[in-house]
Structure formats: C-alpha cells, structure tokens
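Next, two complexes with subunit A in common: one pairs it with subunit B, the other with subunit C.
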Partner chain A sequence: MKAEKSKYHLLMVSPMRIRVIALNTMTELIRQKVLIFLLLFSLGFISSAVIFTQFTFEAQFKFIKDFCLGAMSLMGMILAIAGTASLIPTELDNRTIYTLLAKPVLKLEFILGKYLGSVLILVMALVLMSITFTGVIFYKEKELVGELRRNYQASGSQTAETQAFIRSEEQRIYKQSRDPEVFKAILLIFVKIILVAAITMAISSFSTSMIFTILMSIVAVTICHLQSIAQQAWGGSMDIVKKMFVGLVIVIFPDLNKFNLADELVMGNSLPWSVAMTTCAYGLVMTIAFLIVAWLFFEFREL
Partner chain B sequence: MTLTERIYLRKKSFITGVLLVIMFFCIKMSLENRLTKEYQSLGFGNISSLLSVREKISQYMFVALMGGFRNVVANLLWISAHNDWENHLWFKQKEKYHVVNTLQPNSIYFWDNAAWHFAWNSSYAASVDPMEPKEAVRKKNQKEWFDLGEETLKKGIEHNSQSWELYSGMGRLLSDKQKRPLEAAVYYQKASELPDGPLYLKRQVAFKLLDGGNDQEAYELMKKLWLEDPNNQVPTFKKRIPELEEKLKIPKGKRLFAQ
Partner chain C sequence: MSDAVEIKQLTKKFKLGWRRGTMTAVSNLDLTVSQGQVFGLLGPNGSGKSTTIKILLGLVSPTSGSASIFGQPCHKVETHRLIGYLPENPYFYHYLTGYETLQFFGKLAGLSGKKLKDRCQELLELVGLADGRQKRRLRGYSKGMLQRIGLAQALIHDPEILFLDEPTAGVDPVGSREIRDMILTLKERGKTILLCSHLLEQVQEVCDHICVLHSGKKILDGKMEDLAPVHNRYSITFEGITPENLKKIQDQVALLGGNVLETGHPKTTLEKLFLEAVEKAGPSYES
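After this line comes the complex of A and B, so read on.
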C-alpha cells in the first residue's frame, strides 16, 4: 500500500533510486560504441587545431580557441542528442522499462535517473575535451616560445634591449595562451549541452522511435538558435497569427545564442561572473522546466 | 488505494507539474530580458550584424552562423580571404574582409590585417595593373585602396578605442601611404598613451613631426625623450638631434650634445 501510494506522491522521490538508475544509465551509455566513437572523433577534431601554423601567434591562438570551443559546442550538442535520445526507446524496445516500473520506482525518478546518467557522460566528455584543448594550447605555447628564442639566438643579438623584447613577446604569448576567460566559455558550453539533453529528454518522453527523437531534437535546437531572430521580429509589424506564432516560439524555446559567448571571450572581452552566473541560472531554469515537461509527458503516457 | 484516490493524485500531480512549468517559463522570460539588457551593455551578441551579412555568405555558412559558430565562420572566411590575396583576387578579398570585420568587430587583428592588405597589397596591385594603360587611372585606383585602408582602420578604432595597435597602424598608413605625417603623429601619440603601447611609439611621434616639417616641436620631443628614458637613446636620435640643433641654431650651451 505504502509503495503503491508512493508511486503517486512527488514528495516520496528517492535520491538513492535516482542514483542507481543514473549510474546504470551511464554504464549503458559507455558501452555504446557510437558514443565512444563520437567522443574519440571530438578529441581528434580538437587536436587537429594545431594545424594553424602559418599566421601570427595572436591569430594562431585565436584560431585554436575558436576552433576548439566551436568543436566542443558542436560535438557536445551531438553527444547530448545522440546519448539522451536513445535512453527511453532502448528501454521500451528491450522491455526492461516494464520490469523497472513494476517495482516501487516513480516515473519521475526514472526520468531524472536517465537524465542524470546522460549528464554524467556529458561531464566526462567535456572534461576530456577540455583536457585535450588545454593540451593543444600548451603545445602551441611551448612551440611559439621555443621558436621565438631560437630566432633570436640565431640572429646573434644578445643586448639588454633584445632580452627585454624577448621577455615582452613571451608575456604576450602567455597572455594569449593562459586566458582564464576560456573557462567561462567552457562552463557556458556545459550548461548549453545539458539544456539540449533536457530538450531531447522532453521529446523522447512522448516519441516512439529514436530516429524521430533525434530529428525533432535537431529541429528544436535549430529553433532555439533562431529564437533571438524571433525576438527581433516580435518588435516589427506583422499580423496577429504570425505575432502569436512568434510569441509562442519566444516563450517556449530557450535562446541558445545566450550561451554562445566564446567568440566575445576569445577576443579578450571580459564577461563578469555575475552575468556568467545569470546565464547559467537561465540555462538551469530551462533545464528544470524541460525535465518537468518530460516527466508530465511520461507520467501520462500509456506504456 | 482506491481508483478515485489514484485519479485524484494523478490529477494533483499533473496540475502541480503544469503550474511548475508555467512558473519556470515566467522566470525564463524575466532572466532572458535581463540577460539581453546585460549583453547589450557589454556589446555582446549583436544579431543585426549576422543578418546583414546573409547575402554575402553561403547558406551553409549562414546556418553555421546562426548555430552559434560566428567565430569559426569568421576564421574560415579570413583564411579564404588569405587565399584570395595569394591568387590576387583583390575585390573578393575585400568583400570577405568586410564580412569578417562585421562578424567580429572586436578582433583587432582582423581590422589591422584587412587595412594592411588594402593599403599595401591591393593598392600596389592597382598601381601596376597591366589591364589599365592610363597611369592617371592607376594612380587614382591606388589612392582608392589607400582610402579604403584608412576607412577600415577608422571603423576598427571606433569599435576598439583602447587598441594601440590600430592607432599605430593608422599612423603607419597615414605616414607611409597617405603622406600626411602630421596626422600620423597625432595617431602615434594616441597609441603611445594607451595601455601596453610600446615605447617606440613615442619616438615615432618625433619622427613624424620631423617628416611634417615641424622641426622645433620634433627637436623638443626628441630631447625630452632622450633625457627621460635611457631606452630612448637610440642611434637615430643620436644622429638626428645634433643635426636639428645645427639646423635650428640652438645656442651651444643649450645643446644636448657637445660638438
């Protein structure tokens, strides 16, 4: 009776059950070759940024940061969609969901557990990509500093002025390579991809196939990127039907461009922590909203 | 638990969920407006600039642009413009630099580099254009490229008013290409006052004043710089200062270098 009642009471949500489901989901995802392949592909993609060699060092660092952060954002979104889209359909296909939900497990716990398992994979992927990115930056830094010293040694000039010049050039290289603002960009990419995973989870909760979920998620993510255009259009003149449609897009879809600040940060612009935290809060609020939507769809879905 | 109780609890859960979703979407709208204002005040994420370049880039690139890969698109276009330079496709290169600078107006490197290509490379190509037999037209075309370089740097400075590199680039362009050394001195002066501006920029001011015929001012500045910092005691100053003292007929007792 108690277990049966708990199935309908939100306050009876068990963190332990969510944890077990999350860890199992993570193990399942790690076993999926497609995800591992995607992750390896991402790491190779980021490592290939060292090819930018024919420009000045400022341009090289700019290109490496732009390329790597772009790759992290793109591959992160692909991983989020591909990983999350398969969770519920796989359980349905294997019929394991029936065994699981026959036990005293709430559908909300199932959704949260599955989602958190996917987030754990995304955290691991992003950490690996960040390590590779840092490695690329440090490799480039060592290469450029070494090149600078070799060039001046070859010129034979050992005056105090030359030494001062080398030191100032080295400082310029370090300023480019050891830029703490990059970590804010990575944090925003992380919030963006967990939001994409939540959107995918919401779609997956009512869809019947993985392909449908993936396609719908790609469409949703595209709309989210165009949301800022909808906001601009809202101010213009248009008929009532269009206005309602645009308004709906603005209200429902989050603006993913709010997380695309990497280019501004790479340019050397500073993003105050307060603004970065507000952006993260925005992402988390939307993530929670989409998870509630996912739960609502799943709770009332006939399995 | 009876069926009625179950239905009641499910309905309750549903209503709670819907109310929560509505609440979160309200918070979302409020946060979104706040972020839009904060980004505007920081000069971030200008969507209008993205829409303005739509006709100048391919559809795929535009999709990538809207997908949040503005920096990657700008870099690819810049590399493509670099290839255009190698293939002497000056007008294609010009269009691409325009798009690149629209996409990344805060990139000092892109402004400086574009202006350098216009004022040095494209202008030279115009001056020796084998397809144009009239020298007067070639000169006119060359001047147009110089002007474009100057205009590019002016726009760059508008977006990056604290960049010594752009002010210094403008000084170089005005002096070497536009032959307006006194205006160049003003830009070098401004560049030297900005954060991280190298020391040589102050010496450049003196040289440009000298090139502009302002000998007295150039001499006073050279003397001041020489006495101010030992790093300014460069061979060119050592040569120019006595020459100016002679030319300006500075009394022997007031000269920096004893004859």
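After this line comes the complex of A and C, so read on.
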C-alpha cells in the first residue's frame, strides 16, 4: 500500500484547483482582519518617515529610504510569517482539511494553493506599502523644492546664476527622490518575503500548532540573517563536528542579507541589474526548495 | 461489476510516540458494500469507524490491507470524484456564505460557469436553504443549517457514493426526517450510501445492511432483514376488537402451543407527535 502511494502523477496537478484554493485563502486572510490590521500599522509606520526633518535634504532622503525600506522588509516578513503560519494549523484545528481533501484535490495542490493565497496577500501588502513609500518621497520632494524656492525668493536674488543654482539644487533633490535603485530594493524585498513565507510553510507542514510555527519561523529567519557569521566561521579553523554543523546551517538556511539593498542605497551605491536578478533567482530557487520540503512533509503526514 | 466499497484485511496502527508503542484502530477488517446499498457502519466511540472512513477518503494510509471504491484504490485522487463526504461535525469555512461554500467545493470538483451556478441553486433548494439564508456567512448558521449545507456540498459533483458521518447530529426532528427522506431519494436514484450514526432507530429505517465495529474489529455484519426480526416471535396489531374477543384469541394461542408475551395499546412515537405539532404550527424560518 505504501509503495502504491508513491504513484504520484504530477501531470494531474490542476492549476484551476490551485487557483480556487489560493483565492479562498486570500479571502480567509482578508476576512480574518488580523493581517489588515498589521498592514494598516505598516502603512502608518512607513508614513511616519515624513516627520523627520532635522537633516540636510540628502540625509533626509537617505533616512527616508533607509527607514521605509527597512520597515517594508520587517513588516513584510511579519506579514509573511503571521499570514502563512496560520494556514495549515487552522485547517487541521477546524478540520476543514478533511472536507477539502475529500474532493479530488492533491496535497500538492493544497500546499501550492495555500502558499499562493498568502503570496497574493503579500503582493497586495507590498504594493500598498510601495505606494505609501512613494507618497512619502514625493511629499518630501515637494516640501524641499518648495522650501528651496521660498528661501531664494525671500533673499530677493533673481540673477541667472541664482536661477541656475536653484535648478542644480532641484536636480540634486530629484536625483535623490527619483532614484530607480529603489525599485530593485523593493523587488528584492518581495523575493525575500515570499521566501520567508515558503520557510514558514515548510515549518507549518510538520508543526502541530500555530504558535510553534510562528516561533520556529522567527528562529529560522533570525538564523538566515546571521548567515554571514556562519560563512565567516566556515573559513576559520574548527573541529570537524563544529564544521559540519556550520556547513549544515549554510546549506539549509538561505542568506537573507543578500536581499537587503537599503544599506547600498544609503551609501549611494548602485547594484547592477545582473546582480539583482541573480539574487532574485537565488531567492526563487530557495523558495521552490522550501515548498518541495513543505509538500513532502505534508504528503506523508497522517491527517 | 465491482462493489462500491471493498475492504480487505485492513489494519491501521497509530504510533503513540517514542517508546509508547502503537494503538490498533482497525484490525483485519473485511467489508463489502454493494452498489445501491444504504450501508450502516455502526459502533461505539473509538471503535474505528472514523479511521475506516479516513482510509477510504485517502486521508490516512493503512498499515496493511487494501481498500477500494468501485474497484479503484481509495488513495488515488481520481477516486474522490466518485465520493461525496459529509463530516460528522460541520467542518467548513465560517467566513464563507452558504452559496460561496457550494461554489468553492463545486470548483474543486471541476464544475464551473452556468453548470456550477445551476447545480448550486438546485442543491440549495433540495436542502431547503434557497430562501435567502444562502447569502449568510456560515458563522451565523445553526448546526442543522450547517448539516444541510454540508449535505449539499457532498452532493455538488453528483457522486456515486456518499459517506455520511452522523448526518442528523444536531438537526431538529423536522430536518432529521428531511435528511432521512433525502437518503431514501438518493437510494432510489441508485446512489450508494455509507452511513455512520448513533441514532440506531434511524439506521434501522434507512439501511439495507449494517456492520458493527468494536475496538477496530467487526463484531456483526449482515442484512437488516436478516438481523432485525426476532424470528421465533410474531406481532399482530388489531383494530375494532372487544376485550372479550381478545381474551378468546389469547386462549386460542395457548391452545396451539404458543405464548402471548405482551398485550396492550401501541403508543405513538414522540417523533410523530412532535412532527404533527410542528406541521400544525406552520413554517418557522424567515429569510
């Protein structure tokens, strides 16, 4: 019987059923309101960046980018963990999974549907956060340009040199506010949070409670952020047991620091598209790997 | 033609944890449900009924033995197209409305467009929820209403076999009778029904065949017509007879070597009284 169970036809996977489960999951997450509250909090948190004005305009923009991208990354990860961690345990606790899997639905379709429902919510959240972030930047740009013009109008100087200076100052402001590198940073944040959601999904596929899933996910994400320490330790001298442990950490946990572009932006550095795309590919490969782990755990789990 | 359900030497052992051994939920079970039968799977709590149903639904894999539905292995997802399942307690998404619930399960079963819409409407009418209550979220449904929507979702893809786990649990006597009538209608349409219930009177009314499990083992299996009657006893109900003539009949029975064990007036059932009273009072639901 066990051997028969392994006869799994991937061709039987139905995108239609995955879509139905994903949309239902999205409805579930929206109607439960917890994520909406978290999202509203995130938008308020990002909007609060306009309050800080006591720096030079370059420093203000650097601060806003640093603050907002950091907030998007942090709140995105919180939303990814909070949204995904509840999906499988809730189905098991409410026993809705029995009714669902009694229909012609593969466990793989269930996992993918649930995950994609969570990703849809994350896309929505990130779009709203990006719009708020853009709003903050444009508000600040308008405020600074207006302030610049008012200062020079107040000085009464209308010479061509002054006009040229104002234009050059405005260009400096626009260069800071309309920085295309920001899109790369947001793209990398997106890949990072869908990877965090996949890690959470993998944990919840064998976990027995939502609290356990959330705690384990936080621990896993923390380890993922400390990868650089493990990589440094790998180069140093240590005994074989420690080396194997560190090696295992490096292999299992993805390096989430690769997705943090905010620091580079603040430093004024540009990240080539090739590097950004390679990082995205790394994130997507790791996401698929974690989803396969989630599926395998769930496939052989007794419900 | 293959049987609707065929279970051979089915055993399921659950691991209880490290160094705690195993627990046998089902032990060497052999069971056959013929097509078109209403089959009662009975037994006290913990007797292995739910585990057997979970194995048939492919949710749990057996330790040994096999189970098939219409000749197809039950763990195959394609087999689920033949099955409609109503769980014991209504396990549905409370944030969906009744109509959305049917749409959701219908889409999972491969229905779409007008066909799905028509089927939802047809089933809502069948289970008596097409009066506006289908627009309410399940969070606000009573247990009886949840059972009705549960039955509708089980029937959404017109399955060949229905697994009904306590279909009338928590349902009022009127609803309970409607569900019982629905089971008989489905039987007339040629559907096979596997019914788990603790309401033995109801089982006796609708089932052709019963099987009783105890501690994972089959302790009784047979057709209702063979099991239910007490073959060496007879009952006759008279009308329009005087007590003197009744005495004469009793004497005659004694003369023929029989024993009259019980005499008296037959009582109406509480269910019948209840149904008559409710019927007299008129409809109670408002949309």
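What we mean here is this: the second predicted complex is superposed on the first by the 294 of 303 C-alpha atoms of A that agree within 3 Å, B and C clash if a C-alpha of one lies under 4 Å from a C-alpha of the other, contacts with A are read in each partner's own complex, and residues count from 1 in each chain.
The rule we apply is simple: a contact is a pair of C-beta atoms (placed from the backbone, for glycine too) under 8 Å apart; a residue touches a chain by one contact, two chains touch by 3 or more.
Treat the numbers as computed from the prediction; the structure is a model and nothing was measured.
Q: Please name the chain, subunit B or subunit C, that touches the greater number of residues in subunit A.
A: If we count touched residues of subunit A for both partners, the winner is B.
Q: Quick one: is A:Glu58 in contact with subunit B, with subunit C, with both, or with neither? Answer first, second, both or neither.
A: After superposing on A, A:Glu58 lies in contact with subunit B but is clear of subunit C.
Q: Output check: A:Trp273 vs subunit B and subunit C. Expected answer is one of first, second, both, neither. What do you get?
A: A:Trp273 contacts neither subunit B nor subunit C.
Q: If I apply the document's touch criterion, which positions on subunit A are contacted by subunit B in one structure and by subunit C in the other?
A: Overlap of subunit B and subunit C footprints on subunit A: residues 1, 4-5.
Q: Residues of subunit A touching subunit B in their complex?
A: Residue list for subunit A touching subunit B: 1, 4-5, 8-10, 56, 58-59, 62-63, 66-67, 69-70, 73-74, 161, 168, 222, 225-226, 228-229, 231-232, 251-252, 254-264, 266-269, 271-272, 275, 278-279, 281-282, 285-286, 288-289, 292-293, 295-296, 299-300.
Q: Please give the residue numbers of subunit C that touch subunit A in the complex, ascending.
A: Checking each residue of subunit C against subunit A gives 14, 54, 57-62, 64-66, 73, 75-78, 80-81, 83, 85, 87, 89, 91-96, 104-105, 107-110, 112, 150, 153, 157, 163.
Q: So in the complex, the part of subunit A that touches subunit C is made up of which residues?
A: Counting only subunit A, the residues touching subunit C are 1-2, 4-5, 7, 12, 16-17, 20-21, 24, 27-28, 31-32, 94-96, 98-106, 302-303.
Q: Which positions of subunit B touch subunit A when the two form their complex?
A: It is residues 1, 6, 9-10, 13-14, 16-18, 20-21, 24-25, 27-29, 31-32, 34-36, 38-39, 42-45, 47-48, 51, 66-72, 74-75, 104, 106-107, 109, 198, 231 of subunit B that touch subunit A.
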